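Structures incoming, each one as structure tokens.
Each of the two complexes below includes chain A, the first together with chain B, the second together with chain C.
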Partner chain A sequence: MASKTATKDIITLRGSAAIVSEFFGYAANSILYNRGVYPEESFARVKKYGLPMLLTQDEGVKSFISNLTSQLSEWLEAGKLQRVVLVIMSKATGEVLERWNFSIETDSEVVEKGVHGQRLCSPFTWIESDPKLIANPQMVKLHSFDTKIHKVDTLVSYKNDEWDEE
Partner chain B sequence: MILRTPPPRKRRADSQPPEDVNNNNAQSPSSNRELLVYEDLPVPEYSHDHSIPITSDQMLCTYQCRQMVKSEFFDALSSAEKQVHDYQSKFGALNEDLSNAEQELAAAKGREQMLQEQLRKEVDFSQEQLRKQIHSFSELESLQQLKPKKASLLEEKLSILSESIDREKNRLQNELLQMRSESKLSVSRISADLERMECKATNAEKESALLREQLEELKKRLDECMQEKFELEKKSSIRSPEVPSQDTNLLLKHLQEELRNYESEVREARKLKASHEDIELLKEKLYEEKSRRERTELDLLKLSDLQLNVKRLEDELCTWKSVVREIPGVSSADDILPKFAALQKEVVDGMMRAGDAQARMKEIQVSLDAAILDKQNAETEAAMAKERAESYKAEIKQLESVLGLITEERDRLKDVVKELKERTNLDGGTESVSGTIVQELEASLAKKENYVTELENSLLEKKEINSRQQNEIKLLNERLANEARRVKMLEREGDRLRSEISLLESKLGHGDFSSANTKVLRMVNTLAVDNEAKQTIEALQNELQKQRKSCRLLKNLKNSHVSKMDLSKPVQCGFLLYSFSDAGTHVDSYIAGKIKQLKEQIATLEKREERYKTVFAERISVFRRACCELFGYKIVMDDHQRPDGIPVTRFTLHSIYALSDDEKLQFEYESGNANIVVNDYTSQPEISRQVDIFIRKMNSIPAFTANLTVESFNKRTLS
Partner chain C sequence: MDFDYAHYMLTDGKKGKENPVGSSPSREAYRKQLAETFNMNRTRILAFKNKPPTPVEAIPNEFSSATHQVKSAKPRRHIPQTSERTLDAPDLVDDYYLNLLDWAAAIFFPLLLDTHVKWAPDGRHIAVGLNNSEVQLWDSTANRLLRTLRGGHSSRVGALDWNNHILTTGGMDGQIINNDVRVRAHIVETYQGHHQEVCGLKWSASGQQLASGGNDNLLHIWDRSMASSNAPTQWLHRLEEHTAAVKALAWCPFQGNLLASGGGGGDRCIKFWNTHTGACLNSVDTGSQVCALLWNKNERELLSSHGFTQNQLTLWKYPSMVKIAELTGHTSRVLFMAQSPDGCTVASAAGDETLRFWNVFGTPEVATKAAAKTSSEPFAHLNRIR
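Let's look at the complex of A and B:
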């Protein structure tokens, strides 16, 4: 019976990791569309989660996001992921304008059951970086969702514009 | 010790034999325990076999004696019944007292609860009042906070107004200056006009003087001409008065007409001149009037603007005056700023005082709560003391009543004793009987006294129980108060923790992390790099294709021209051949050069590869030998293909303490998981047992190998 529950938990962990990583993919696409990072005509409409979602048709961006989501899925299965941050920076000045922060809480019991002796190391396509924080940001908390194994909280920080203060 | 032997079985079934079941006899635990009925039979039947005949005469009593005993018995019975009745009544009274005490206790508890509720209501009321006061304080604070804002707003308005007033003043001054300058200009113009007029007048006078002089001259000439004419006429009349000359008359007439014409012309000229002068004067006047009219119109427009400005300034002045009037202690605009500063200071002081007052109020609240609790406690203690006093009083009354009853009984018994004594005096023979009766009565008295003491003891016990209960109630109240205080503290801590949690959540949401257990990574292969790489790749590919095309063209050209070469025309063809062969040799040399380079590269790479291989072989052999030395197993790795065709890596371990070469362990390694392969050695019972324990149950191959190593080492060393 123990093995049955263990296998059930492993499958659920994998499924949850897949759901959350897929969500990140769609979230990244939505942010790129809504914040005007890429032009509107480069996005195509699809149906997902019962809503019309916009996905980029640029091959480079698509491959980038798919590589990203596959790596995130691995890390989520291992329970090593604490947070995923999408940073929008100015191309000219390199200044951080917006910081879309997805913080993840993982159920450690399920992860311990599912992971036995998995040795994880960061692949060579990922390097260490600074956190790209914004000084004195304006913060807006958005909706969170929970798969009973992974809980994702969303928060966006953006630069405090002088005009807003006036 | 009375031995009770069961009777012969009369009431039980005959089939069952009688058994000797005795309470004092031990029975075997395994025997059947059957239920036997005991029957108390009259003494003679239970007696032993030998019976003593008892004479009936000895058992007979006298009738009198029996009657006396009976009467005494009945008396004693009645008295005992009375006593029982009394004791029952006393018991009932005590029960009633106890129930009363319980009711009083319940009533006291109810009163206590009511008092508590009242106090709670009072506390709530006081808290509401405090809250209202705090609310009013907060409103005052907000008003005071608003005051500096209003003061700042008013200051801003003041500054703006002062600036506008200054601007207006400047503008008005400028206008004044302009007006003055204009007036000066107009004055100068008017003076210039005056001078011009004066000049004209002087010129006109001069002209008139000249004309008068001319007129006088003309008159003189006329007079001279008239004189000459008269003289001529005289002369003519003297010379020939006979010959009247028509010519001279005509001349005269002509001259006269000319004179008249001249005079009329002169008059017309004068008139014209006068009219010209008038016209010029009028023109100048008109011009002046026009200019004046324009000036007045401009001044009128300016006047309306000035009037509006004046009105606005008056309104501002009125508002300023009203502001000055509203602000106490201010008489002029200069006093406003220091007054505002003073007001701000007052506001700050007021806020500080409000803070102090709030702190004091909180202290007072705390002390009020403490006082309320103390009051509560005192009230409960007072109520409990009252109850105790009442209970003591009731007990005293009870005891007094008991005492009264006992004295009554005593008196009655004394009377009975007296009567008996009298009876004994009357009947001397029954002294012994009365003595016994007295003894019995005394015994009953003693019993009653004992009973009374027992009742008193029970009363004391109940009192003690009551006091203990009241103490417990006190303790519970104190505990209740402590728990309430703890609850408040916990609520405050909870609020503080909630605020801390919200602060930490905001920090976490912002992106704070601990660098000790968190790594921040980003993807290297960004889109820009990808794009650049793609672009370079595409460019290289295009170049490669172009190069290939050019190579093919050159080859085709070379081949086609070499094949089409005509030997009959050696010169031209030779020339052509030379030229194409040049190109071909160029291509060939280029290609040969490339090939050489590539071959050299290949050679270097092959050398490098061999060097790497040797180095790797050395290192791996060192590693393998070290592993063997450290872990005690020679490991051989080879690739194997499973029956289903999947290639898999197989490791064969041979322990250095193995007694034979057949003692080999085999493991299959596939995608991070190692599985043991069953062979002859592992199918041995000892080894298979170890495999079951360490690998199957505990899922640890290192433990299995280590255990095997230790066992082999032990075997070796022992052998």
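Let's look at the complex of A and C:
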């Protein structure tokens, strides 16, 4: 048990939160590029995780994502984040077309007890929302990863499309 | 629904209000603590208040109609075959970081995979339409990538067809591009007309006309004689009779200017067209989604493949459209059909991940003899490849 704790100290809670929130940033960029949400030309190639990753160069999108990831990092450190959902909606109809669901399990032992005193989100940047589910979705479960402090599972659900292979 | 919280609010909360005299300070404090805990334990769904910048529309507006909708994303389906990996208890940070690369690759790679492939008429080259809007050209004998066509489409390429050295590509962006694969500046012509994803493309045998079907339920006939060098080419015919996506397209081998088209789940019809005049010659309700069409080269017959519920292949007599046979076996919709060079065997591929072979077209000799019989047995039997 003692060695297990020591091992976990190596990947500190803060480090894990940083890694996971950084992952979300790259995942969000990747999804926006591959799903064609923003034009291809607005992305630039960088090397990350040993892969060519695409990052948006649009200042508006960049700041949106970086605000998001710094907030996620805070919540991850506090052990308060259960899931992150990235929703792609039709601009015209508001209909939810695709839903990327990242579920998070946090090792509660490691989460510091000073949680209650910690400053939570500013009430001005976040608002209560509905889950934005898709009716009768098709779902694909992708790989999960585990830092030993945070375990992240990825599930994408989307509207049934006429010609999608079953 | 948080029942615990709801129950608390409905009962304990009330109790407190009804008997203020009966509650001691410590009880009050306890109740307050309980309320706080309940509030803290309730899961909240929060949305980022600031909205991200609105993307610019990729599809030109000039062809919009009352039913125009911008679908901003279309799903890709591929499940990685590699087994799930989790990081083992890392004694060393290095080990941990290596594993980090593995899962990152496993998560991001599936987004880059493609499924649309087409052999060139020379039987040697293969065109592959990718999710990222690029089209790759491979040499199958040398096993190498010859070139990548870029800059044409702005989103995934879901339909391909060859016309000699011209590779025609249809994209999710609704555009159809003729690429001359021999030259550097490969885009030689653009057809604009679809305002949703192009899901079907077929050149006529003469290479003079192209039929295209889209998720917008439209069927377009394009003619090479209408080519324009400085502007997108206008269609020859725009056919709006189908009431669902048009993926299945097949030109008749024994009658010029005759095209068969099939509609998706909301339509289920096979329609026949004179592509010279644009007239609809016949329409037959098949009862299920038409995924693919194939004409018999040896006889006057048409083979259609379907989805829900039977996932069958149906053989029809032409032009009477009498059903000759129904071939079942696939357990999910039959998306692709191809025939052997001698025109006798048909291979079908379905979402059930099997490939089946059917001796459905027979030999000219056998087919004549079979027609003479009054047996109602289907022609099928088949090898199964998983």
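Operating definition for what follows: the second predicted complex is superposed on the first by the 140 of 166 C-alpha atoms of A that agree within 3 Å, B and C clash if a C-alpha of one lies under 4 Å from a C-alpha of the other, contacts with A are read in each partner's own complex, and residues count from 1 in each chain.
Here is the rule we use: a contact is a pair of C-beta atoms (placed from the backbone, for glycine too) under 8 Å apart; a residue touches a chain by one contact, two chains touch by 3 or more.
Note that the structure is a prediction, hence the values are computed from the model and not measured.
Asker: Aligned on chain A, chain B and chain C: do they clash or fit?
Answerer: On the superposed model, which is not a single observed complex, chain B and chain C clash.
Asker: Chain A residues in contact: does chain B have more, or chain C?
Answerer: For chain A, the partner with the higher number of touched residues is C.
Asker: Applying the document's definition of touch, where does A:90 land relative to chain B and chain C: first, second, both, or neither?
Answerer: The second partner, chain C, only.
Asker: Where does A:53 make contact in the superposed view: on chain B (first), on chain C (second), on both, or on neither?
Answerer: second
Asker: Let me test your reading of the model: by the given contact rule, A:144 touches which partner, first (chain B), second (chain C), both or neither?
Answerer: second
Asker: Contacts for A:99 in the overlay, against chain B (first) and chain C (second): which applies, first, second, both or neither?
Answerer: first
Asker: Between chain B (first) and chain C (second), which does A:129 come into contact with in this model arrangement: first, second, both, or neither?
Answerer: A:129 sits against chain B and chain C alike.
Asker: Give one of first, second, both or neither to describe whether A:12 is in contact with chain B, with chain C, with both, or with none.
Answerer: neither
Asker: Quick check on the superposed pair: does A:34 touch chain B, chain C, both, or neither? Answer first, second, both or neither.
Answerer: second
Asker: Pick one for A:155: touches chain B only (first), chain C only (second), both, or neither.
Answerer: Only chain B; A:155 stays clear of chain C.
Asker: With the two complexes overlaid, spot the stretch of chain B among 182-190, 290-298 or 524-532 whose C-alpha atoms clash with chain C.
Answerer: For chain B, the clashing option is 524-532.
Asker: So chain A touches chain B in one structure and chain C in the other; where do those two contact lists coincide?
Answerer: In the superposed arrangement, which is not itself an observed complex, chain A uses residues 60-61, 64, 67-68, 82, 124-131, 141 for both chain B and chain C.
Asker: Inside the complex, what are the residues of chain A that reach chain C?
Answerer: Within the complex, chain A touches chain C at residues 4, 7, 10-11, 19, 23, 26-27, 30-31, 34-40, 48-51, 53, 58, 60-61, 64, 67-68, 71, 82, 88-93, 97-98, 116, 121, 124-131, 138, 140-148, 151, 154, 156, 158-159, 161-166.
Asker: Which residues of chain A touch chain B once you look at their complex with the stated criterion?
Answerer: Those in contact with chain B are residues 60-61, 63-64, 67-68, 82-83, 85, 99, 101, 103, 117, 122, 124-131, 133, 137, 139, 141, 153, 155, 157.
Asker: Taking the complex as given, what residues does chain B use to touch chain A?
Answerer: 506, 508-511, 513, 518-527, 530-531, 534, 672
Asker: Using the touch rule from the top, collect the residues of chain C that touch chain A in their complex.
Answerer: 40, 43-50, 52-56, 58, 69-77, 79-80, 84-87, 89-91, 93, 96, 100-101, 103-112, 115, 131-133, 154-156, 158, 172, 199, 215, 244-245, 247, 264-265, 289, 332-333, 335, 351-352
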